[in-house]
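Next, two complexes with subunit A in common: one pairs it with subunit B, the other with subunit C.
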Partner chain A sequence: MKTIAYFPGCAMKDQARPDEAGTLHALALLGYEVTEIPRWNCCGTVYSLAQDDLMRHVGPVRNLVRVQGMGEGRVLTLCAMCYGTLARSARFVAEPERLARINAFLDTEDDFRGGIEVVHLLTLLRDEVGYEKLAAQVKRTLDGLKVGTYYGCVLLRPRLFAVDDPDRPEVMERVVEALGGTPVAFPERTECCGAYLTVGRTDIVGDRVGRILRSARGGGAEVVVTTCPLCQFNLDERRPAGAPTLPVLYLGQLLAWAMGLDEPAVAALVSKEPATGRPVSTGV
Partner chain B sequence: MASELDLSRDRLDAPFARRVEELSGENPYACYQCGKCSAGCPFADYMDALPNQVLRLVQLGDASALELSAPWVCASCLACGVRCPKGVDIATTMEALRILALRRGISPAPVTPDRPCPQIALVGAYRKLTP
Partner chain C sequence: MNEITVFIMGKGYRVPAGLTIMKAMEYAGYRLARGCGCRGGYCGACATVYRLPGDYKLYADLACQTPVQDGMYIAQLPFTPAERPAYTLGDLKAEGQTLLALFPELARCVACNTCTKACPQKLEVMDAVQASLRGDIRGVAEFTFDCVSCGLCTMRCPAEISHHHVWQLARRLNGAYLTPRAEHVQTRVAEIAAGKFKAELDKLVTMTKDELVAAYKARQIEA
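And then the complex of A and B:
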């Protein structure tokens, strides 16, 4: 049994609960004891790109201090956006002058000493579990299901924090293969869905989503899978009229299916009403 | 009379360009206007100036870049940055423009969500669109 600290983030406790449940089930089968970090707070969702905007690193860094307090050297995220903010902030504040300032500001917390590694689920599955071991735990194959693998932005850009080649990623395709599915690497899989523009510019996001889903369908995908809750929301909820109706699932939902969560449990995962009262996308 | 031609960036004396460079950590003068960022930008169709044009205004020290809608349409997807042959992270320059505009009280068009949004979107939007 390996232990790993886990940062859920907001979405895993709300609209992405099926992702969390399926993934944690799979990780248990793969030999991980996953411990949620205590008193975690919002990661900020979007990384601040400005050089002098130290304030916006407080949220992510406070979470890293909690990981440090657990005596862990790394932290796992399932959400692509949490991965982005935590991994990038960890590096940004490693510079001594910034670290001193942010520690002074955090005051009542233990000083952040740096050196916490932020790991996304896909990296863990590829580099530590391995595709073979993953495949060996499959209880119910995806049976050739054509799965469009949608990465979006944060997993692949900037290059320094990319979980795979930003132009030709394959980690999600290999995971789908390990589960018995047929990956569909469609052209728009690395292009942005519009992210937070969904708040005020549903016109733009709708255009983007239509384009992405047509690209997936064009490649023959029967479902689309993602690890980003904001991508999942946009692809599902901002789908324009006439766009392909294929289901948009979290990676955890595929894992739940393939790793043999019994059917009522899978059904419960995909039909639960989240706190927002918005039904979660169904599909498998 | 022919004299030496001084092509140094110092001649531009563009405090605005310097400010944007400080905030973004990106050298706007590295850009040679090839347009690759604009060609690949998923949001260029909705911008009032293309990403390379925005960068050109910054190079010229032209603070009218702060009045554009383009930086507010940019969703920080960073496609431009990974493709730039000169390694300029244009999205970070866009962020510097947003931050300068917000700090100078030049607000973007007000955002009124017309449909329900999850918190991951709302938090993202307020961190990008408010000071």
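And then the complex of A and C:
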């Protein structure tokens, strides 16, 4: 068993809780002892671009301090937004003057020493598990299911923090292949879903989601997968009238099903039977 | 008498050492009509901030629970203005987004932890804000069980959250919807209604005073 510290983020503990359960169970079957950070707070959700507002980095850095306190050198996220915010804040405060000021402010916590690596589910599967080993561990195949691989923006932009080539990513496609699916790398797969505009401008999100889903359907996808609970929510819940009705799942649900766990939404797709209700996993 | 100097609302007074801030203010001549309640640390009415000489920190505590120190600068906060939207508990659900929908400013939390540092009850206030954000209503209720609604976190919060009103709603939701019902109470009420104790009660109310005294003296005190 390999140990890894885990930052769930708020969505994974609320509307995406079933996705978390299945994914973590699958990771356990892949040999990971995943330990949730004690007393974590919101990652910050939206990475602050203000250069002079250190306050916005207190939240993400506090989480990294807690990882440091566990004696771990890296932390896993299952969410693209959490990945982006934590990874970018870690780099932003690495500059000595900023680090000194953040540590002075966090006076009741241990000083942050930097050097915590932020790992996303996809990079863990690619760089550590490996596509071949993943394929070898799969208990049942997706049987050629055509899977639209939706990245969104935060996983690939800005370039410095991209988990893959921002223009021609392939990590999600390779994971889907390893699980026995047929990846559909549709043109709009790296477009933004509208992200947090979902709070106040559902019209903009709906417009973007319609474009993305039409692109996926046009490429022949039978299902779209994301690695971000917010993208998944937007693609599913902000789907405008008339947009393609194909299901939108979290990638971990495919992983969990392929590892032999109970995932009714995936089972329905592979057996070509219509799914009923919201797709949920009952992994743990 | 061992006296020390404290500064109340900016004016220096000599007061006996060992008094609480509240007692010291009264010793100095203040008559506390507001910002003073139970004097026992339960009601949360006497929120107070103070600084100590040579220390940059702004401390927060309850005036009735905190001894004065030499050189202390004291300001009493008789009331904390805080927004509480109207709601009907019966119309709400104890689910993820309920707290955030009524108190959207929760999402402005930057996890600075200033609220936690301000809490005289030593609660993990920021963790409760974070639990609110992720819809963990039971977690909020448990984190804030000992909140006295003094408002000090609310006064210090850069995100302008009205903490104690959020906590109160979370505890109400927890009590109304998430805590298991006390089924045995319903069972016992039904038993009583069906006359389980009627014979014994009738016997008691028809006893003479002497019989009643004798029965009382002969009662079984412990099982």
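Here is the rule we use: the second predicted complex is superposed on the first by the 261 of 284 C-alpha atoms of A that agree within 3 Å, B and C clash if a C-alpha of one lies under 4 Å from a C-alpha of the other, contacts with A are read in each partner's own complex, and residues count from 1 in each chain.
Everything below uses one rule, namely that a contact is a pair of C-beta atoms (placed from the backbone, for glycine too) under 8 Å apart; a residue touches a chain by one contact, two chains touch by 3 or more.
All values reported here derive from a predicted model rather than from experimental measurement.
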item	value
Contacts of A:C42 with subunit B and subunit C, given as first, second, both or neither	both
Per-residue touch tally on subunit A - higher for subunit B or for subunit C	B
First, second, both or neither for A:V58, with subunit B first and subunit C second	second
Which of subunit B and subunit C A:P158 touches, first, second, both or neither	first
Partner chain(s) touched by A:A50 [first = subunit B, second = subunit C, both, neither]	first
Touched partner set for A:F233, first subunit B, second subunit C, both or neither	first
Which superposed partner A:E170 touches (first subunit B, second subunit C, both, neither)	neither
Touched partner set for A:I204, first subunit B, second subunit C, both or neither	first
Touched partner set for A:T108, first subunit B, second subunit C, both or neither	second
Residues of subunit A contacting subunit B in one complex and subunit C in the other	10, 14-15, 42, 44, 56
Sites on subunit A touched by subunit B in the complex	9-11, 14-15, 42, 44-53, 56, 79, 81, 153, 156-159, 166-167, 190-192, 194-202, 204, 207-208, 229-230, 233, 237, 276, 278
Residue ranges of subunit B touching subunit A (in the complex, touch as defined)	22-25, 42-43, 45-46, 73, 75-79, 81-82, 89, 91-92, 95-96, 99, 109, 111-125, 127-129
Interfacial residue positions of subunit C with respect to subunit A in the complex	96-97, 109-113, 116-117, 124, 126-127, 130, 133-136, 158
Touching residues on subunit A, where the partner in the complex is subunit C	10, 13-15, 39-42, 44, 55-56, 58-59, 62, 105-106, 108-109
